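First chain written, first letter: the chains are A, B and C, and each begins at residue 1.
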Amino acid sequence: METEKLVELLSEDVPHVKTPVHQIVASFIVRDFKVWWTYKFWLTLDISGILLFVATYYLFSLIASPQQIQEAGYVTGGYFTFALIGIAFQQYVFFAVQSINMSVRDEQWNGTMETVLSSATDFKTFLLGETTFFFIICSAFLFISFLAGWLLGATFCLNLASVLSAIVLSVLLIASHMAIGVLSAGVIMKTKQGNPLTWAFSWMTQLVSGVFYPLKILPWYLEWVGKIFPLTYSLDGIRLCLQGGQTLVSTAVLSDAVNLVLFTAIATPVALYVFKMGYDAARRDGSLGQY
Amino acid sequence: MKVEELVSLFKEEPPRLASEITHVWAVFWANFKIFLSYRTWVITETMSTIASIAMYFFMGLQVDPRRFVAAGYGDVDWLAFALVGVATANYLWMCISRISHSLQHEIREGTLEPVICSMIKMRSYIVGQSIRGFLVSGYFMLGTLLIGIFVLRVPLIITVETMSLFLLVLLMMILSYLGIGIMAAGIILVYKKGDPLTFLLASITEFLGGVLFPLRYLQDYPVLWGLAWLMPYTYALDAARRILLTGVTSALPIVMNDLMVLAVFTAVFIPAGLWVFRWGCDRIRKEGTVASY
Amino acid sequence: MDYAVETFQLSKMFETKEKGRKRVVKAVDHVNIKIGKGEFFGLLGPNGAGKTTLIKMLCTIILPDEGTAKINGYDIIKEPYKVRRSFGWFHGETGGRSLYWRLSAEDNLRFYAYLQNVPKDVAKRRIDALLEFFGLTEDRGKLVKEYSTGMKVRVMLARALLHNPPILFMDEPTIGLDTISAVETRKLLTALNAELGKTIIFTSHNMFEVEQLCQRVAIMRKGRIIVDAPPSQLREMLREIRSVEVEVREASDLQKVAEQLVAIPVVGKVLEIKNNAYGHVIRLQVDNEYEAIPEIAEKVQRLRVKVSAIRQSEPTFEDIFVKLASEEE
């Protein structure tokens, strides 16, 4: 192309309109999906990992007694259904802290973060775009785990009100963990490491949120620590719905939901603030693009 | 320092000692030092090991002892059963993955080329790397068992006899998998990746070996049951549990049988692994891609 | 006669994929060189000429497709371990990547001393001396990852010398060094060659560096050795390739200007026309730059061409290749 033609093209007056947020987020999702699809091998690996995990706990459920979980109000389905819900939903924690960190690190490493953040997109949209994709993938994995569980004979209370309540709780679970993901992304931006720390966080959640056992089993101090993590409330609420047949109308489920809303309402501004701090600090010392 | 002084130092030509043990030691020593520089990793890994032990402890509280009798180790505690499984499975996985992990690192950093054109034989290099891996993962295994015994009061039978037999089983387990680890390393040399493969192998091994549940429940699925007994780890875990849960006297005949099977696996896999590794070395020298990643 | 390095039809081909189509590149193409013991041998060539592949084959890191070579009398294919005893290798292009960044300089050197079978007490003395020589004594305990590129390069140089090998492959040894360290390094290599009789194979793409140091120079192009001569001959050749570059700030027809300039009797042909930051550059072959420059100046004035500089220019590899081709004809 001749210089003149290019100049002519660029001199065309385009009215300045802000791209709507959902379009930007959608373009992030498309981009992430394309990148992710190139790792087909890892995909098969992730899925087989989940299937093996579900199978392991199916076999463990054969020796576990359902007594404690029934006492906790999760009546239907026995230990296997209980553990299945735990396994399926705890992936959100893993994704929130691991995958978001990983993608932020990758972007820093490849230098693409500098480009994205220097475009017209503001950082909140950037974060929304970065995180949404992972939660979509995660929900797909959730579906796969439930399918595998159903094939192995897990049973649920499937009345409409309970299922809808469980979906509301899942949305709250995702919202609260997005905040956690943003928080850790902000930290990693400044420290350039922290991967081991996020591992430790995942383990702590697994230990005290009642993924594999009802919270009552824990000694009081660990039970108390468990109350900090949003996964605890989410799992309790979802199990009360899907295993106990309760709905958002019941006090126990409602208090779980209220706790999650509170957590999200407090954690989101804090997370955004920390991310902004990390982002500004990285810009100040010029380390945005380096790892 | 002047050029002349330095040159004069090189005038004396000392006798050379050629010893593969020195080479193995050097590889071990350098890599161990590198490992120690990852202090945060060691600390957080230790923490997550402790957290996982605690998790298994609480899981154990839900086990119905009557149903668990099906494990076939007599009247034993599930936590003891699971801890032996978790400790050995983690040990194995770490040992094997460390070899390919550090090799991948050396390829990427370009440090493999100077090693290859030094006087070390590749087998000494691989042995040095492996010993480092065994030691590092041994720390985590020992930690798991010690916490189990002293903090959680898990009833493991600890005598001189059981310990020495247990160590023998561990050694045989590692040897039977060493070939696979070396094979994976050879594949990584050529294709520059392969870690996912070892990862998949590890999770399948863990599942089929029956780390958390009695293997007998797999009997209802003939394919899985058959596959399980095609893996060395299944034999090793069975032997380790018999020794630590029921004591040497009653375990000995079955353990001897398990050890024999492990010896057969070793005899097949190690030559195969070395062959693949040698093939990998030759292949990358032919392709000229030692340092590319 | 005993040779330090002797190659026999040594060849290496690489397959590359370009847009799905396979392409075979001859990186090293039937090379036959003989380098005597104690020689200081320079290997010149532009990037991608095959110098590094050739050196890596001699170092036993890459296996040849065809032919073989002998290092210190040992075959590189059949006796790799004996070959490895005979050389030290330095690869400047990696820019310090090939060290363990999480070990100190001292630990790196000690590691290789073990691998190269240097006895402990001797290793200690040599490491101390080498670190002092390369000005690293103060930072010897620091992890390599905290070093600058120049410091890493010096550690790598020390590593190549550690086991006192009779042959040194120095692949672009001065590439990441500052001027002072580069001068010191050249001095060291000269002394090692002169006093200890070490054979040195020195690659570079800097013609003047090689001409100054080496007793014999070979030039590689597209995998082949096209010149193998003493540096005096190279010097002669460089002197014959004389050129002047004219930096044109503005001209309506560059080609026409070039044609006009070639019409001057003391000017030969146009070597190349390229762009630079200030405008265009016309490189002209001349017989004598001192006669040509005033004539060119006069001419451009008459042509009313805006010229920002007229100066003598350094010959490039391309000039040498063109000259060689014309001589063959």
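Going forward, a contact is a pair of C-beta atoms (placed from the backbone, for glycine too) under 8 Å apart; a residue touches a chain by one contact, two chains touch by 3 or more.
Remember, it's a predicted structure, so these values are computed and weren't measured experimentally.
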Chain whose averaged C-alpha position falls nearest the assembly-wide average: B
Chain whose average C-alpha position is farthest from chain A's own: C
Inter-chain centre distance, chain A versus chain B - centres from mean C-alpha coordinates, in Å: 33
Whole-Å gap between the CA centroids of chain B and chain C: 46
Centre-of-Cα separation between chain C and chain A, whole angstrom: 54
Sites on chain C at which at least two other chains make contact: none
Multi-partner residues of chain A (at least 2 other chains): none
Complex contact set, residues of chain C against chain B: 12, 14, 27, 53, 56, 59-63, 65, 81, 84-85, 87, 89, 91, 94, 97-103, 107, 111-112, 114-119, 122, 125-126, 129-130, 132-133, 143, 159, 161, 164, 184, 187-188, 191-192, 195-196
Contacting residues of chain A [partner chain B, same complex]: 41-42, 45, 48-49, 52, 55-57, 59-60, 62-65, 67-69, 79, 193, 196-197, 199-200, 203-204, 206-207, 212-213, 217-218
Chain A-facing residues of chain B, complex: 40-41, 43-45, 47-48, 51-52, 54-55, 58-59, 61-64, 67-68, 70-71, 78, 196, 199-200, 203-204, 206-207, 210-214, 217-218
Residues of chain B that touch chain C when the two form their complex: 1, 3-7, 9-19, 22-23, 25-27, 29-30, 33-34, 37-38, 109-111, 113-121, 282, 285-288, 290-291
